[in-house]
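First chain written, first letter: the chains are A, B, C and D, and each begins at residue 1.
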Amino acid sequence: MRIGKQDQAQTAIATSDADSITVRGRDLCGDLIGKLDFTTYFWLLVTGREPDERQRAMMDACLISIAEHGLVPSVQAARMTLAAAPEAWQGAMSAGLLGMGSVVAGSSEIAGRYIVEVLQDSRDKGISLDDAAVQSLEALKAQKKKVPGLGHPQHSSGDPRANRLLDIADELGVTGDHIRTLRVLAEHAPKIINRPLPINVSGAIPATILDAGWPVEALKAVPLLARTAGLAAHLFEESQRSIGFIMSHHADLAISYDGEGAQTADHKTA
Amino acid sequence: MRIGKQDQAQTAIATSDADSITVRGRDLCGDLIGKLDFTTYFWLLVTGREPDERQRAMMDACLISIAEHGLVPSVQAARMTLAAAPEAWQGAMSAGLLGMGSVVAGSSEIAGRYIVEVLQDSRDKGISLDDAAVQSLEALKAQKKKVPGLGHPQHSSGDPRANRLLDIADELGVTGDHIRTLRVLAEHAPKIINRPLPINVSGAIPATILDAGWPVEALKAVPLLARTAGLAAHLFEESQRSIGFIMSHHADLAISYDGEGAQTADHKTA
Amino acid sequence: MRIGKQDQAQTAIATSDADSITVRGRDLCGDLIGKLDFTTYFWLLVTGREPDERQRAMMDACLISIAEHGLVPSVQAARMTLAAAPEAWQGAMSAGLLGMGSVVAGSSEIAGRYIVEVLQDSRDKGISLDDAAVQSLEALKAQKKKVPGLGHPQHSSGDPRANRLLDIADELGVTGDHIRTLRVLAEHAPKIINRPLPINVSGAIPATILDAGWPVEALKAVPLLARTAGLAAHLFEESQRSIGFIMSHHADLAISYDGEGAQTADHKTA
Amino acid sequence: MRIGKQDQAQTAIATSDADSITVRGRDLCGDLIGKLDFTTYFWLLVTGREPDERQRAMMDACLISIAEHGLVPSVQAARMTLAAAPEAWQGAMSAGLLGMGSVVAGSSEIAGRYIVEVLQDSRDKGISLDDAAVQSLEALKAQKKKVPGLGHPQHSSGDPRANRLLDIADELGVTGDHIRTLRVLAEHAPKIINRPLPINVSGAIPATILDAGWPVEALKAVPLLARTAGLAAHLFEESQRSIGFIMSHHADLAISYDGEGAQTADHKTA
């Protein structure tokens, strides 16, 4: 049984024969290994073109900004998984990456699509970015939805990583319509939504990397690659000095049983 | 219930407060974003120390050598998963990484541990590397086991990626005891095992990166990070021009049913 | 940092102390092991109540209808993963389950939510199910969207599994508003969408199990549990008689390289 | 490139054509849906034969004994993952299953292989089970290894689930050489290892299900299927009353930073 309509049986990424491996038209051994840095290769792999210096620098900055943020839920999931299944680093790494969903690290992708939508709306309707932003924010307010890319539970006066990324984009001359759209949104949002809404890192990453020329459909690759590096650090540390079950123990203690037959005094033992 | 003995409730990777994020003792926004390349940050994250220029170059070369090798099984698994579940890039990425096991890409880790073992054996017993290698190879032969890090199904005259990595290590002055051990193994193996056994990329990666100073317990992180970049390229291409179900259809056609009630003429329909 | 608003630190599923394990208010060893079948326990675990005989029978029928359908993409992903990483069944199982997304097996959940929506619409607007169905189908047609739960690429004259499940629901006396809604949709769809659109198994499963009293928010659990059983059979067979790399080889051969530097005659080697 | 030697391009599990789906030689719609319970189907799928009444009852008991044990690490990983990525139940389920490794739930498989090994040793050497057990236990002691299937951190006077499973096996008449081997091991272990070592559930599951006729190479399927049911309950509860980030918050608070630049007073904020 063949599922769906898929009629182009091609790939443009790599091919090989007995003597050589070709990646994006280049000879892997002759042209790439030892010639490029990994960030440049990542850009080439995904887009098919080598990045210029500004693109590479912007990608490095984005990757570094979100690779590591301590014992966040996905890191805990990965470390608990390694503690329980030390035979499979790949499984623990996957348990960590599976938490890069719409709520946490995957929010970069959602914010990127939102920025693109507001920008496109301004172009399609022939209205100013300010008008497009205000209309969009009012619609979100009416639906009681969050504004993607703005606001932070911890850094209400501004997410330092976001500000740093935007400064770098300005310095590199990368700043373009996506960053401008995000800044216009951030300017109008507090008045409309009625609370502090600084640009957060999930807004700054897509805005800066889209302006650098990265495709919107590949946005999710940026937090996924970045976090793989952070998770690697945690899995190595877990293999040397395990905290997976300590964390799990304390997490368990924080929750009480209120199901059928629960007593007034919780009888959970440590 | 607390599982296992784990009594050091600490992490040395990162911490944060309302104003700052500290990673490996550095201020993320002031010292790292915009200052480092991603490969340097990966090394810093995992080891706690910034790499010198030779270490960074060796890591870049290793990562690039195995990030991408076309439509290998793990890439197919990832692309089929994205075709079936396009709402979750993180799931498709994980399906790809879960194939980085002991047989395929995870073989770097196994080869690294083997090289360390032969080297340690030579030191512990006070015998030459040649003697340690010969003893080890004869033991593998007696147990009819493969020699980790040597041999390739496609490149019997030598894996071009492996040779390139070893050349780079020589050029950078990285070459040390691990590469020497691997070369000694490769010198004796064909006579003992009685077939061509060139150094493969799964041998060259651990030998070169261990000589550069990377910890053996973190070897698995190298193929995992590398393949995340290659998988990102394939998932982006899959989202634009899907081949997941085409591949699955042809894979299905290659297998016939020989279970209970199977007819002489296979009645599978396309 | 605490993410999000979550203020009920309770679970109602299970608790334990040194002497006993309590699940859903019952003593695991005294009341459950050896007393229940697994399907009954699954229903109790998820809903907190033991199913009656009709509920159990309907769940058994649903689980069996989708546990196994040959070498579908998710099974291929799982078998390729086990071939590459035989040390971790849990990784291969996960690689298979990760393909239970919105397009393939997860479509039961989408169809279930659609049925609930049409039914609710009829109730909210005080219109007949026929009118609610027609309005909804016309809206889907206008948006060029598929009708969840109807149509099948292979069985255009009707999916035999769907018909069987609906017959069982009728025989058991389970049939209620959800099945009625699905049947009304199936009655009007061919005229409106203008092609054969029989009820498929992804429509019959949610309709029958919702009518049996299963919660709509737990629909995804049904295909996930079912496929775990099918995947177990494939992983056991893979461990005894491996086809993972055979399938991968044929899948690879079906795709040609058309990227930079591609020659007229494809130079891929087998 | 074709990896490895795999030359039997067949499957014996299922096949289908436009009119029917055949599973293990039976017609899915005519012979299976509505005719079998899920446990019977699971046994048929994996082994190719329908279980007799004793086999089905033993499997039900094994599955129920380990489906659920509260907020264990793998459940926490799954719930944190759903909280972060609510769009993908399949991802959260996988994050939970990936923790079924060698240390925690996968220990059933390890204990099963150990029981088979001791039993085989007794047969191969023509010695009594007692002698084979004593030799094996002394070897484990010399290597300072744990005895698979014996001992429990919480239930030092005996794991009530294990005792219940063994009683059921006796009542059903399932008890055979594998249970006898486990009991002989448990009889000698405390004297040799010098501490209380009651049979645990990871020992009782393989011993009872192997005696019922389940293949040792498919042992891992039992905890995986069982836990899928337990995880389904937790994911449904998480979707209704989320505790994922509450657990993560408390786990984070339990760990302090002792890396570069750590101050005497930990400056982590809640």
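As a convention for this text, a contact is a pair of C-beta atoms (placed from the backbone, for glycine too) under 8 Å apart; a residue touches a chain by one contact, two chains touch by 3 or more.
Predicted model, so just to flag it, every value in this text is computed and none were measured.
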Mutual neighbours - chains that touch chain A and chain B alike: C, D
Chain of greatest Cα-centre distance to chain D: A
Distance between chain centroids, defined by C-alpha means - chain C, chain D (Å): 24
Whole-Å separation of chain centres (CA-atom averages), chain B against chain D: 29
Centre-to-centre distance between chain C and chain B (centres being mean Cα positions), rounded to whole Å: 35
Touching two or more other chains - residue numbers and ranges from chain C: 1-4, 9-16, 18, 70-73, 83, 85, 87-88, 90-91, 94, 98-101, 103-104, 106, 154, 243-246, 248-249, 252, 254-255, 269
Category of the chain touch graph - line, ring, star, complete, other: complete
Residue ranges of chain D touching chain B (in the complex, touch as defined): 1-4, 9-18, 22, 24-26, 48, 72-73, 85, 87-88, 90-91, 94, 103-104, 153-154, 254-262, 266-269
Contact footprint of chain A on chain D as seen in their complex: 1, 16, 70-74, 76-77, 80-81, 83-88, 91-92, 94-95, 98-106, 243-255
Interface residues, chain D side, partner chain C - complex: 1-4, 6, 8-16, 18-21, 23, 28-29, 32-34, 36-39, 41-42, 45-46, 57, 59-61, 63-65, 67-71, 83, 88-91, 93-94, 97-101, 106, 109, 154-155, 160-161, 163-165, 167-168, 215, 217-218, 220-221, 224-226, 228-230, 232-237, 239-246, 248-249, 252, 269-270
